[in-house]
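Note that the chains are named A, B, C and D in the order they appear, and that numbering of residues resets to 1 at the start of each chain.
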Amino acid sequence: MPTFKDYYTVQLHDTDAAGILFFANQLKIVHNVYESMLTKAGFGFQDRFRKRDFFIPIVHAETDFYHPLKDGDTVEIILEIEKVGTTSFTLSYKLTIFDETVVGSAKTVHVTIDPESGKKIPLPGKFKEKLQELACND
Amino acid sequence: MPTFKDYYTVQLHDTDAAGILFFANQLKIVHNVYESMLTKAGFGFQDRFRKRDFFIPIVHAETDFYHPLKDGDTVEIILEIEKVGTTSFTLSYKLTIFDETVVGSAKTVHVTIDPESGKKIPLPGKFKEKLQELACND
Amino acid sequence: MPTFKDYYTVQLHDTDAAGILFFANQLKIVHNVYESMLTKAGFGFQDRFRKRDFFIPIVHAETDFYHPLKDGDTVEIILEIEKVGTTSFTLSYKLTIFDETVVGSAKTVHVTIDPESGKKIPLPGKFKEKLQELACND
Amino acid sequence: MPTFKDYYTVQLHDTDAAGILFFANQLKIVHNVYESMLTKAGFGFQDRFRKRDFFIPIVHAETDFYHPLKDGDTVEIILEIEKVGTTSFTLSYKLTIFDETVVGSAKTVHVTIDPESGKKIPLPGKFKEKLQELACND
């Protein structure tokens, strides 16, 4: 159940002169859902930047395009927590338009690091628990 | 040899509040090198948009991050034509900073379509030949 | 009354390494409200691009920053139609955060052109009427 | 003489579905020249973010569009230091394409602040001197 779902309407600035969503912006759009999920889970970026307790850089991202998205298209984005590891976690995303056409998908792999040293650190306990709880509910 | 090489200096607008390159912008940056390669090969986008003979949407993209990039970092980007197929081609990219540290990599898969119908079409002959010629020289 | 109001939560990709909204993105954000207004008024961009009846490029934009916006900040944006002329119209925007602090403002001037020739043309009748109706209600 | 001059080739990701540069990206493009000027003047952003001695947010920006820019167009951008005040300075930009057509202009007003308090502070002495020196040479 608690996968995260959100909606996004493609804006003019997301498109390019070919008339469709500029490919890299698909990752920008799914990242919005991840941000929103973090905030709802009580781990919003604003806290990270203030506390500088841990940062969560992305080490891998991939995305597929099945159908072109145009300015004004509203897309439903479903985020699932695919895997929670020791120092990393993996999210997957599915993008669908109104008539149930799956238009794209994406995957992002995140690691936790110490903001000062930049070194990898284990997922902080409460953060890991929260991700696991959300993942289990999928 | 004729892989394509270009340089890019990370701009403030490429970074985010975590102080590093926003992940999706790595794909934006490597795409610049692809655009430049197309133009040098005589197949610039501007011609495509005017002639509307064929469009080249990206159907898959992936990218890895080995080292954070900061505002002002200059990165060398090497593009290689990895594979030239019937209706698609695959490019790979390697991003390196001045001290030879490989900071990232990426791959993009492109298909050729008819701009009006949106249907997949074979790579136009001269375009395919050009890509093959450039790929062989790698 | 019918000014247009919308809300926007600053995303990580809108910020830069200084930890705040990258300045040019303030114009990107207010443009979203304009797009939404056009769609609600029955003149969405998607129709323009399909019909190629008239395009509406921006010829002037200006924006002021009174207070820094950070990742996760939700801003209320009010759009007002300031002036409807013969071949142009002017929009103004006010950005406010939750505690009523006005954080920024913007203005954009738009002209109508023929998409093929690129020449300025009068605002199409029904479009002008709609803008005037919405402006009067302010 | 030492105005700063740089060149920029419009990339696909700078354009939108109307086939031209997305308006707000004109400010992004001129900001690149400002960044480059700061670096050459010995005051690059990377130092600011590391030392956190002073930040330079933009409090006002405006830009005009005289001619549409398309993907692949190369534009010459000239930056001039228009005014150096006590706590602020003003830059102006002119964008020209190859045949000498002025395609756009912009102006940005910058203030210096203390990164911790966010309060306005006088331009640090050496930075002010450098800007004045560069401005006089215009």
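Methods note: contacts are C-beta pairs under 8 Å (C-beta built on N, C-alpha and C of every residue); 3 or more make two chains touch, one makes a residue touch a chain.
The model shown is predicted, which means the values in this text are computed figures rather than measured ones.
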| field | Shared interface partners, meaning chains that touch chain A and chain B | value | C, D
| Taking each chain's centre as the mean of its CA atoms, which one is farthest from the centre of chain B? | C
| field | Where chain B and chain D are represented by their mean Cα positions, the distance between them in whole Å | value | 27
| With chain centres defined as C-alpha means, what is the inter-centre distance between chain B and chain C in Å? | 32
| remark: Note: chain D sits from chain C at a C-alpha centroid distance in Å of 23
| When you check chain C against every other chain, which residues touch at least two of them? | 12-13, 17-20, 22, 24-25, 28, 31, 45, 49, 70-71
| request: Would you mind writing out the residues of chain C in touch with chain A in their complex? | output: 9, 11-13, 19, 28, 31-32, 35-36, 39, 44-46, 49, 70-73
| Residues of chain B that touch chain A when the two form their complex | 17-18, 20, 22-25, 27-28, 31, 45, 48-49, 55, 57-66, 68, 108, 118
| request: Note which residues of chain C are touching chain B in the complex, please. | output: 12-13, 15-20, 22, 24-25, 70-71
